[in-house]
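Lettered A, B and C in written order, each chain numbered from 1.
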Amino acid sequence: MDNAMTLPRYIFRSALIVLLAMAALAQADMATDSVVQGAQIESADSAIEASAEMSVEEVFAELIAARSTSAKTDTIQKIANSDFPQAQTVLQALQEGELYYTKAKPPVLVFAVNHPDGYSISSALNGEDLGVVGLRDVRKVSINNALRNLLRGLLAEMALRSESVDVRLQAAKNLIRSPAEEYLPAIEKAIANETSDKVLVSLRLAEGMININSDEQTKRLAAIEAFSDTLDSDVMSLLAGMQIQDADGNYQESDEVVRLAAAEVLRDMKAQAQLYKIVENTFFGLSLGSVLLLTAVGLAITFGVMGVINMAHGEMMMLGAYTTYVIQLIMPNYIDYSIIVAIPAAFLVSGLVGIIIERGIIRHLYGRPLETLLATFGVSLILQQAVRSIFSPLNKSVTAPSWLSGSWEINGALSLTYNRLYIIVFSLVVLALLLFVLKKTFVGLQMRAVTQNRAMANSMGIRTGWVDALTFGLGSGIAGIAGVALSQLTNVGPNLGQSYIIDSFMVVVFGGVGNLFGTFFAAMSLGVANKFLEPFAGAVLAKIFVLVFIILFIQWRPRGLFALKGRFVED
Amino acid sequence: MSKFDDVFKQSLIGRLLQSDRAGTWLLGALLALAVLVPFFNLVIPADSFLHLPTYLVVLMGKYLCYALLALALDLIWGYCGILSLGHGAFFALGGYAMGMHLMRQIGDRGVYGNAELPDFMVFLNWTELPWYWYGFDNFFFAMFMVALVPAALAFVFGWLAFRSRVTGVYLSIITQAMTYALLLAFFRNDMGFGGNNGLTDFKDILGFSLQSDGTRNVLFVLSALSVAGAYVLCRAIVSSKYGRVLVAIRDAESRTRFMGYRVEHFKLFVFVVSAMLAGIAGALYVPQVGIINPGEFSPVNSIEIVIWVAVGGRGTLFGAVIGAIVVNYAKTYFTGAFPEVWLFMLGALFVISTLYLPKGIVGVVNQYRERLAVKNSANKPQELSS
Amino acid sequence: MESRKSIKTFAKRGGIALAAATLSLSASIAQAADTIKVGVLHSLSGTMAISETTLKDTVLMLVEEQNKKGGVLGKKLEPVVVDPASNWPLFAEKTKELLEKEKVDVIFGCWTSVSRKSVLPVIEELNGLLFYPVQYEGEESSKNVFYTGAAPNQQAIPAVDYLMSKDGGSVKRWVLAGTDYVYPRTTNKILEAYLKSKGVKSSDIMINYTPFGHSDWQTIVSDIKKFGSQGKKTAVVSTINGDANVPFYKELANQGISAGDIPVVAFSVGEEELSGFDTAPLVGHLAAWNYFMSAPSDANDAFIDKWLEFIGDKKRVTNDPMEATYIGFKMWVKAVEKAGTTDVDKVHDAIIGISVPNLTGGIATMLPNHHLTKPVLIGEIQDNGQFDIVWQTDGAVPGDAWTDFLPESAKLEADWKDPKIMCGNYNTETKKCSGQNY
């Protein structure tokens, strides 16, 4: 995300240098326009007066010197209300934590961008490139959550004038979350000029969020009216807040008419939200199911098809996750694509390790499934410790690509996170590919032949040893791919595999050993069951119930959900 | 002397051990340990070279508890083909039963001085003792529970599983599910078993301080005798007619069933006996290590038990004992001497022993002896082998 | 023939086996050396290795540094490292080994409460000395243990105070989310009592427990979001442990909960944990500790430089338990020098009241209840994986072994100096100490 924004910002900053010359000419029309909001910012009046007299350098020096939240609030207001051409860039940088100052005397306010040797800095005053400095040569202008909220509003107000619909939409959404009366003129002006319906809806909400605090009842009722189409959580929060009673039974909202109108809108909202909750729960369940599917499907091959009780399966996933980490180290500037590269890489790494394990150890143990348990358990210990020795026992951070972050907001009550969505799709793709390989390719045919009747396959001229290695490699490789997906959800550390191995075995056994469809149905149904139990029973009990259910289910169908039929079942 | 010898020979133990040379070794060593360890620890003065430090007594006691646990597993896995990946659960349940008794023995000597409630309940604002803690202040009730609780769980679980003919890996995986579910349950603080911290800070047992060397030696001797007793019991089971059926079930379950044996009854019986032994092992373990916590339910622990048996030699009984002691001694030694890389060694030990010692340590010894026997062309009876 | 032999063989074989066992065991008893032995009891494998390995390295660094200065009392320090492998009974076993076999003079170790509880009876019986460097739930004060991490009143309560203040966002509604074990349980009990004493209603407090390593946070985060949209400023107080944090924060970010909406203040997330996070979406979430790597002091700069050099990796970070280890080590050295011996009882008497400078610019003093005085700092997560200190207490807060916010615990008091008390759990009502083994 950073890299995508650097270039336009650079151009913008360069333009500012030119503008700087004209800075003195422009006068503070914005400052006089703005309505000062006394309640929120105590000394805003003085700030505006001062900014008319203070130069850019002086205000920046004040920003660096400010220590308390209120002092910083003052200075930020001064910058926002000033006509400094660099105001928006500076506030933006401040919001994103890219505004630093040097240790020189007097200190210079700079923009800093991460650089392998520290930071690459440029002057906040005129955008001049100041080269690269070490990590501890500059200090950050720190802000806290209160200031972040303030900046969010101020920047959104500025961004309303942007050309891009997306920027305007985001700005309108931010204004819903940081309402303040001083933004009202800007919002109203934007509503008058706005062409996009989507932005307009959000702007109306933002307007409502401000007007709801107005003194006039009509304005407030109109605001509530505007809320009736939304499920936005901030709006809901606001309306719910009106209904809160204090100890004496007085409502937070003293105006009965307004309160009742709000209550009615709120009731509708809650009813709708209830409905979406079920959709959301199903989604949560499917996404948990798809994680289970990804972690189990590799095991369904090594354990289900080949009969190897592969305790190192979890460590194959761990290797996949570490591969993702290494790929990100190799290509730090292309985080968005690294994950695409990581998928085949993880498949190869885990697959190769799998083949080595098969050739080195498991080959000698066919027909003795329980021995494979012991040997692979030993392998899993070795792999864990190897990772600890190579990468240190600490967890590694894998950055989420921008296209996997955030969520798809369908409405205020229902939003589906992208990473989960992609993982559901991804797991289905992996399953489909695997089925294709097993059912439609020649290699798959050989694999099935060898697992069904080794001696017969051998006498038909199939090189069983080679096929075994390939099958085990395939299962391990898929575990590696699962590791890539897990790196987006959880810790990348030496214990990663351990936390999924038991669940994986449960899924395979529940679905029926040797049946990929069984694995699919088992994973999805366990995921959904877990998620529908969780709200009532809590996370731990839900999991215990699911385990007990599996134990009992196996009594009923001792060969799992989809048992294989045929003579070779009774071994 | 010879008269005594005859009596010995005709006694049950004597008859059992007649064809079991390794068993005689083992029992002899256990009994000798039971006598000599207290001697070297208590009688020999502390500054003497021959003095046995107390921590070694406790350490060996712990190994013996593990040995008992391994024995329990070998009985079902080695002789009946039931691979339980959840035997740690029975061990832990026995341990918890003992731990609950020891907790109640603390009485008002806890930090809050509450005579009724254990400390962890006091600071979580529990007001009264949960019903399932009743009776555990009585030693005999608690000892009864040590065997009964694991046995009851094994009975219910086994009755369900064996009746439905759940076998092989399916059985292994659901035993794993069982211990995992118990792990999660015992981690919950709401269960009233102390959550993650488990039960600890024990003071004494039957009025004897757990810190005193005397109590420790008694516990050690009890552990050694329990292993010896359990060995004799297991040997008696497997060398009886009943044991033959067990082996038949292991080798060809369907055929045994077709011959008219009620396979599930045989399996259930031996499974329950094994769970009781595991429970007793847990009960002996807790006062010696001073803590029981849900970590004992962890599936990895149960897998480790299987590994002890496999390293020692499956289906030999004494192999299980040897395996438990060897692997745990290796662990103690490696974690102290090579703290950074010991997992490599342990992992390699497992891999190498499965690849090159398919019958475990006992198998190697047997092989060597057989070769020796062939060389000497002696006509000795064959060792018992799996 | 066979019958005659049987009993003889029985005895003979037993004897040989035993002799072999005894010999091998007695051979492993170590001989004394002319050094001062420092035991290091931190897990280097298993689930806790992720946190504890760093502390092992910290102790080794401090020992090396002390040896460069000539050691203590003219003797070199000799570290003895063992690996209790995140296995709680093994902690007790290794402690026995350190004290009885290696005869160490002091042990630095443990992280989880359960490991400390496991070690406690052993260390009391054998009269050892343990420095425990991690924040914990309190409710303990042993004669043989010095707690150099924070007690609940040195972390949890100031953090809540900050969030209730105007700077912290005047939070009115609270989610207490934790992993289901004793530290979160106790801390949340204390916080609940504290919040209620400040007039927060029960309906404004949501308490949630999850198992260790919980990885699927979808439902809980969605519940938190819903709980937070009821018209009052909401914050999450997180006592979520180690491994579960990454998926928790990822889910928060993905469901669009930013620090500005619902800030999360964590007690178990430090710099080291952050190094395993992608921190960009977490900026602004909070943590409460007694030390941050970003603390601007010369002592801290020197410590960081030394650490980076020792570990040979410029990207490593320092954290609060490392500072606690540092303080504990310095205090022990000072106490040994004051007592002129490493004898546990003499060191114990000497160490109470000893002060050493901490790394954030203040002074840490060992109190008679075996806890320290510590400053409390609130930091905001930055996108570079560091914390920005936004608030701190005026001066140091004395650690309280027994919290005042739980009825049974409020009666108790720990004092290892006052000869009239000399006890870790003195009941001020009955004027008695219970359950002491010494």
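Here, contacts are C-beta pairs under 8 Å (C-beta built on N, C-alpha and C of every residue); 3 or more make two chains touch, one makes a residue touch a chain.
The chain lineup, named per UniProt: B = Urea ABC transporter permease subunit UrtC.
Since the structure is predicted, the reported quantities are computational estimates derived from the model, not experimental observations.
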Winner on C-beta contact pairs when A-B is weighed against B-C: B-C
Closest chain to global C-alpha mean, per-chain Cα centroids: C
Per Cα centroids, the chain farthest from subunit A: B
Centre-to-centre distance between subunit C and subunit B (centres being mean Cα positions), rounded to whole Å: 34
Rounded Å distance between subunit A and subunit B, as computed from the means of their C-alpha atoms: 47
For subunit A, residues contacting two or more additional chains: 384-385, 388, 498, 540, 543
Multi-partner residues of subunit B (at least 2 other chains): 184, 187-188, 340, 343
Contacts with 2+ other chains: residues of subunit C: 44-45, 180, 209, 211
Residues of subunit B touching subunit A in the complex: 83, 157, 160-161, 163-170, 172-174, 176-178, 180-181, 184-185, 187-188, 254, 299-300, 303, 306-307, 310, 340-341, 343-344, 346-351, 353-355, 358
Residues of subunit C defined as touching subunit A within the complex: 44-45, 47, 49-50, 53-54, 167, 169, 180, 208-211, 213-216, 218-220, 222-223, 225-226, 228-232, 243, 246-247, 250-251, 253-256, 259-261, 263, 272-273, 275-281, 283-284, 380, 382-385, 388, 390
Partner subunit C, residues of subunit A touching it in the complex: 1, 69, 97, 114, 140, 142, 144-146, 148-149, 152, 177, 233-234, 236-244, 252, 280-281, 284, 287-288, 291, 384-385, 388, 392-400, 405-407, 409, 415, 417-420, 488-495, 498-499, 530-531, 534-535, 538-540, 543
Residues of subunit B defined as touching subunit C within the complex: 2, 4-6, 8-9, 14, 17-18, 21, 24-25, 27-33, 36, 40, 49-50, 52-56, 58-60, 62, 106, 108-114, 120, 122-125, 184, 187-189, 195-198, 200-203, 210-211, 289-291, 293, 295, 332, 335-336, 339-340, 342-343
Contact set on subunit C toward subunit B in their complex: 2-4, 6-7, 9-15, 17-18, 21-22, 25-26, 29, 44-45, 81-85, 87-90, 92-94, 96-97, 99-101, 112-114, 117-118, 120-122, 125, 139-140, 180-182, 185-186, 189, 209, 211-212, 406-409, 412, 424-425, 427, 430, 432, 434-435, 437
